Amino acid sequence: MAQVVPAEGDMRRVIGDGEAQPDGEVEGLTDQDLLELYRAMVLLRTYDERSVVYHRQGRIGTYAIFWGHEAMQAGSFHALDREDWIFPSYRESAIGLLRGMPPETVLAWWRGHPAGWWDPREYGVASIAVPIATHVPHAVGFAWGKKLRGENGCAIAYFGDGATSEGAFHEGANFAAVMRAPVVLFCNNNGWAISTPVSAQTRAATLAGKAAGYGMPGVRVDGGDVLAVFEATRAAVARARAGEGPTLIEAVTYRCAPHATADDPSAYIDAERVEAERANECLGRYERYLRRLGLLGDDLVESIGGEAKEAMRAGIAAAEALPEPDPDLVTRNAYAE
Amino acid sequence: MEAVNDALLVEMERDDNVMVMGEDVGRAGGVFRATAGLLDRFGPDRCVDTPLAEAGILGTAVGLAMAGWRPVCEMQYESFSYPCLDQLICHVGRYRWRTNGKMEFPITIRMPTGGGVKAPELHEDSPETYYVHTPGIKVAIPSTPADAKGLLAAAIRSPDPVVIMEPKVLYRSPREEVPDGEHLVPLGQARIAREGDDVTLIAYGGMVAVAEQAADELEASAEVVDVRTLKPLDEETLLASVAKTGRAVIVQEAPRVAGFGAEIAALLAEKAILDLRGPVLRVTGYDAPFPFWSIEDEHIPSAARVVEAAEKLLSF
Amino acid sequence: MAQVVPAEGDMRRVIGDGEAQPDGEVEGLTDQDLLELYRAMVLLRTYDERSVVYHRQGRIGTYAIFWGHEAMQAGSFHALDREDWIFPSYRESAIGLLRGMPPETVLAWWRGHPAGWWDPREYGVASIAVPIATHVPHAVGFAWGKKLRGENGCAIAYFGDGATSEGAFHEGANFAAVMRAPVVLFCNNNGWAISTPVSAQTRAATLAGKAAGYGMPGVRVDGGDVLAVFEATRAAVARARAGEGPTLIEAVTYRCAPHATADDPSAYIDAERVEAERANECLGRYERYLRRLGLLGDDLVESIGGEAKEAMRAGIAAAEALPEPDPDLVTRNAYAE
Amino acid sequence: MEAVNDALLVEMERDDNVMVMGEDVGRAGGVFRATAGLLDRFGPDRCVDTPLAEAGILGTAVGLAMAGWRPVCEMQYESFSYPCLDQLICHVGRYRWRTNGKMEFPITIRMPTGGGVKAPELHEDSPETYYVHTPGIKVAIPSTPADAKGLLAAAIRSPDPVVIMEPKVLYRSPREEVPDGEHLVPLGQARIAREGDDVTLIAYGGMVAVAEQAADELEASAEVVDVRTLKPLDEETLLASVAKTGRAVIVQEAPRVAGFGAEIAALLAEKAILDLRGPVLRVTGYDAPFPFWSIEDEHIPSAARVVEAAEKLLSF
């Protein structure tokens, strides 16, 4: 099992700070895995940063920024097998990239172009969920359905702290537990639902604590620590595969970008806290960890970063080269017949 | 009711991917006994007693469909389907479209509907408009046991999500011949319940019997069209009948304003305008909650109200 | 505070069995209170038993039986002040009787007659909630609204074990905690939602345990023990009045009557268990307790029972004497204007 | 948008029982800034940032109303109002009736509505039919900033629950005179946006501007009627206009089937049948989800489509 350094109450953490806080490690992860995780985070970071630029340039529409959420997405993703399905919210719009979905597909979605409307079966990635929490029951039903068929494959649903207030979260979580569905309920607790702090969302001390009400385990990890996230998700996936049912993971971080390109957080956010969080953001933390391990040097940083930038350059070019959508699509695809 | 049970049985035998889920559908066999015997026959994996959460039922059904199942969801009463409107509008009707038409969501939603059973509040609504107005959703409402079986079977086999609303008065209707074994009534085909020449009475579900009774009572010759499938609507049959009679009375139990009868009236106002020899009249429930049951017969359109409308139209 | 005899895990109990289990007592309850509670239970029991007969006689419609739930209703009610509002489900249809609502009003409701559609302000009793759990947010909003106005008065919402699966319960409970609404969430866990056992409703060990997920206290009491129920509710009401917010009470019992007159439980219920539960039903238990205390004898039992029967006789007569409702009501009252 | 903000401000000043609640309405002042400044002015008790739960918002609003408040609930986008349909149908529209008309439920539900803003999925729906069809609920949709203020104020003062749908395109409309201070536009009164003789273009919300543009482009003289309040409907104004012109084109952005346009068409088919010189035509959105935004202009009725319909009708 993982060597987890306890941190901030009950929150699991693996990566240290190179000073007072020692580094831990996660059993079973090879050097290749560690670099794979890094590559995934860089790809996501690059996607995100470029998207903000593309938005400013008018090349994509409103965009939900996930800067600082890369550790949660890459870490949890790494615990999945290809047969496992991912149910993303808008915040994980680009998670398909980690399954080989081309950037232009996701960019097309943000461009309001039908090429962004993929077939979930192709990547094992459900459509991007826009309404909060309503995709949680989808993931649960999928996982339960797989189990009923005796087929392999579990599901992971991503949602935010705000989502835990919705009835859909509650009903989904309850079904998951009752049906012992092989599903991971992954809550990205970034402290905010647009302008609403988590303290105005619930009186519960932690979101992971909500799991008990459903008779499932709840785990709390440092969402800025890609290895802690990986380890917690791996354990949850193992439970799911073993027929032990769902797990609620609360990954704790702090949103240090606007909710979306249309949002101006200055009215509500604590600028100093954002400053501090940005200084300790997940990609830098992990990069420093890998450097301390001697696995990463400037050359590799540059080449991995370069690859990601190139992928985005090609992606936006491809997205912009897509033919204008057929206007007749306005009446098609609602029905088979 | 046996008709519904029979359709489920036949379709579950026919296709291993069909499963039934809902509140009390298993051990109890459903509060109207629509699912009686299915648990014993198909086991708890294919006949599932769910937690008491309608949005959870329909939401997990979306996921079940993604995993290859054809879920048949029961809503215990039509009024308890309202919590699932969110899933219905946001996802059930939209997910095929969201995959550019690539994935199928063959979800069937069954529910009892309508009044006439003297039950407490919120057991006698007629909410078809909410369903019909939602893109991506088909809606059928049988008026005979045979249609209850055939339309449900067609819904289960449909690649699209279909809401089947089963009039409660039908559950209590006298036994009638229902075809054995596989029986399909294709979606999208209205039925001429009775032929006539002078006026067309357009109805669906529990109102078909009311229209037929009105036709009996009328001196003129009334044609009764049973819409059967509200979406897709069989415009042809409706227009042909009105072309013949030149007069239309639409009967709808649901509250009047923006009810489905308005859609039929709009269709006639657009495509039958030259055929019409008088106004298109609607006989409907009122823009008020379905009343406490001691006066429910005042709310539900009666044959007398239909006759009155038809006579007014005939003497227009 | 109450002297609560621990029983069956964490479930509070006051009334013993006259043998191995000693009787406890609840501080602050006078003999008069104890008899008041008895009178209330008898009234409810009589209402219920007569209603089943009236239904069979075709004098009322479908009826939701609450036989065995009297301790929960009377015990919790006794902890309320007149200014506190009650939000009943169909299972507590007759709870207004305890506030002086005449039986004919409730009977009229079950007769589908408009005289059963009362003005909630008259009794501080909201309308009977038919859809499961949706009235929980009403109680929460009411209590929160009272608090915002600086007015006295809290609220109690009654709902069943099945109701805890609904999103409306979840959203209501969360709002209650976040707004620190002075409300008591009273869950009648009678083990069944129609034919669905609580074990198929949730994997949680207890329903009271769900409270933690909202950051509110959860209490579990023996629902067949009117004093334990009273004591738990009194404590919850005290918290509410003190500005400490909501409490979730789980009162545990076992439904030993059909769900409603239209239900035939033989297909799903455990007949032996029902037999055993009926032998230990709440009114008999409390009666024996009062007899052990020397507060109750045959005479009083008879006179209190007789009063209740007389009230019902008068009630059904009055209900049947109501004028036929005005048919024009079908179009009235939906709008003010 | 300032118009909405202004109405809230004036009404909250006027009546201490008015409170505003919703997601992000406080610190952030609403994602469209409709509630900006209210928190500072009226404090956190009367301008409440709620948890993210629409059914919880509307459900607690019912209780707040019972405690004497007049809650004004914001749904962040129309599509996120779907979770509250259950509360709306079961309780908000029914509770007055449930007390035999004795208790008032003066709840206002505000939401942005409609397309034209190139936003992701489920940010551009037009769900008015769900609301209009629900008994006990009134519905208004302004098409000008002044009406946005006046109808909202009337809604807040109404003893009945009112849904106010604010077209997003209006938020972005050029500034226009909005009366200062108290300004009421009574519910139930349509507005002749433009007078004309040959054809009546009937529209509401964002479609009024489209109809006006079509009127500009048409050679014939078109009257544009802005419905303003969908329920109660100002039948008189509509019928008078159609009596004058003899022709009606109804413009509705929502999906066609059983949309509110059908109700208007049904009204005309019933009460204007002798005035009509041709079919009642509807120009509407399609029976398909609102599309990804790159082709949204194909879905939203355009002036060109309205002109085409009107010309077809004029040459009927």
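Chains: A, B, C and D, in written order; residue numbering restarts at 1 for each.
The working rule: a contact is a pair of C-beta atoms (placed from the backbone, for glycine too) under 8 Å apart; a residue touches a chain by one contact, two chains touch by 3 or more.
Values in this document were obtained by computation on a predicted structure and should not be read as measured data.
Trainee: Using only Cα atoms to place each chain's centre, name the chain farthest from chain D.
Mentor: Max centre-to-centre separation from chain D belongs to C.
Trainee: In whole angstrom, how far does the Cα centroid of chain B sit from the Cα centroid of chain C?
Mentor: Distance between chain centres: 37 Å.
Trainee: Measuring centre to centre with CA averages, how many angstrom lie between chain A and chain C?
Mentor: Centre separation, chain A to chain C: 45 Å.
Trainee: In whole angstrom, what separates the CA-based centres of chain A and chain B?
Mentor: From the centre of chain A to the centre of chain B is 42 Å.
Trainee: Can you pull out the residues of chain B that are in contact with at least two other chains?
Mentor: 51, 53, 55-56, 79, 82-83, 86, 90, 93, 97-98, 121-122, 135-136, 286-289
Trainee: Would you mind listing the residues of chain C that make contact with two or more other chains?
Mentor: Residues 114, 117, 131, 165-168, 171, 174, 178, 200-202, 332-334 of chain C each touch two or more of the other chains.
Trainee: Building nodes from the protein chains and edges from chain pairs that touch, which of line, ring, star, complete or other describes the result?
Mentor: Drawn as a graph, the chains make a fully connected set, so complete.
Trainee: Which stretch or stretches of chain A touch chain C in the complex?
Mentor: Chain A reaches chain C through residues 165-171, 174, 177-178, 180, 200-205, 209-216, 245.
Trainee: Which positions of chain A touch chain D when the two form their complex?
Mentor: Listed in rising order, the residues of chain A that touch chain D are 61-62, 90, 109-114, 116-117, 128, 130-132, 162-163, 165-168, 193-196, 200-202, 262-263, 267-268, 324-325, 327, 329-334.
Trainee: For chain D, which residues count as touching chain C in their complex?
Mentor: Touch list, chain D to chain C: 19, 45, 50-51, 53, 55-56, 58-69, 83, 86-87, 90-91, 93-104, 135-136, 138, 158-160, 232.
Trainee: Under the touch definition given earlier, write down the residues of chain A that touch chain B in their complex.
Mentor: That would be residues 85, 114, 117-121, 126-127, 131, 134-146, 148-149, 151, 155, 167-168, 171-172, 174-175, 178-179, 332-337 of chain A.
Trainee: Would you pull the chain B residues touching chain C in the complex into a rising list?
Mentor: Chain B reaches chain C through residues 23-24, 26-29, 31, 49, 51-53, 55-56, 79-80, 82-83, 118-123, 286-289, 291-296, 298-299.
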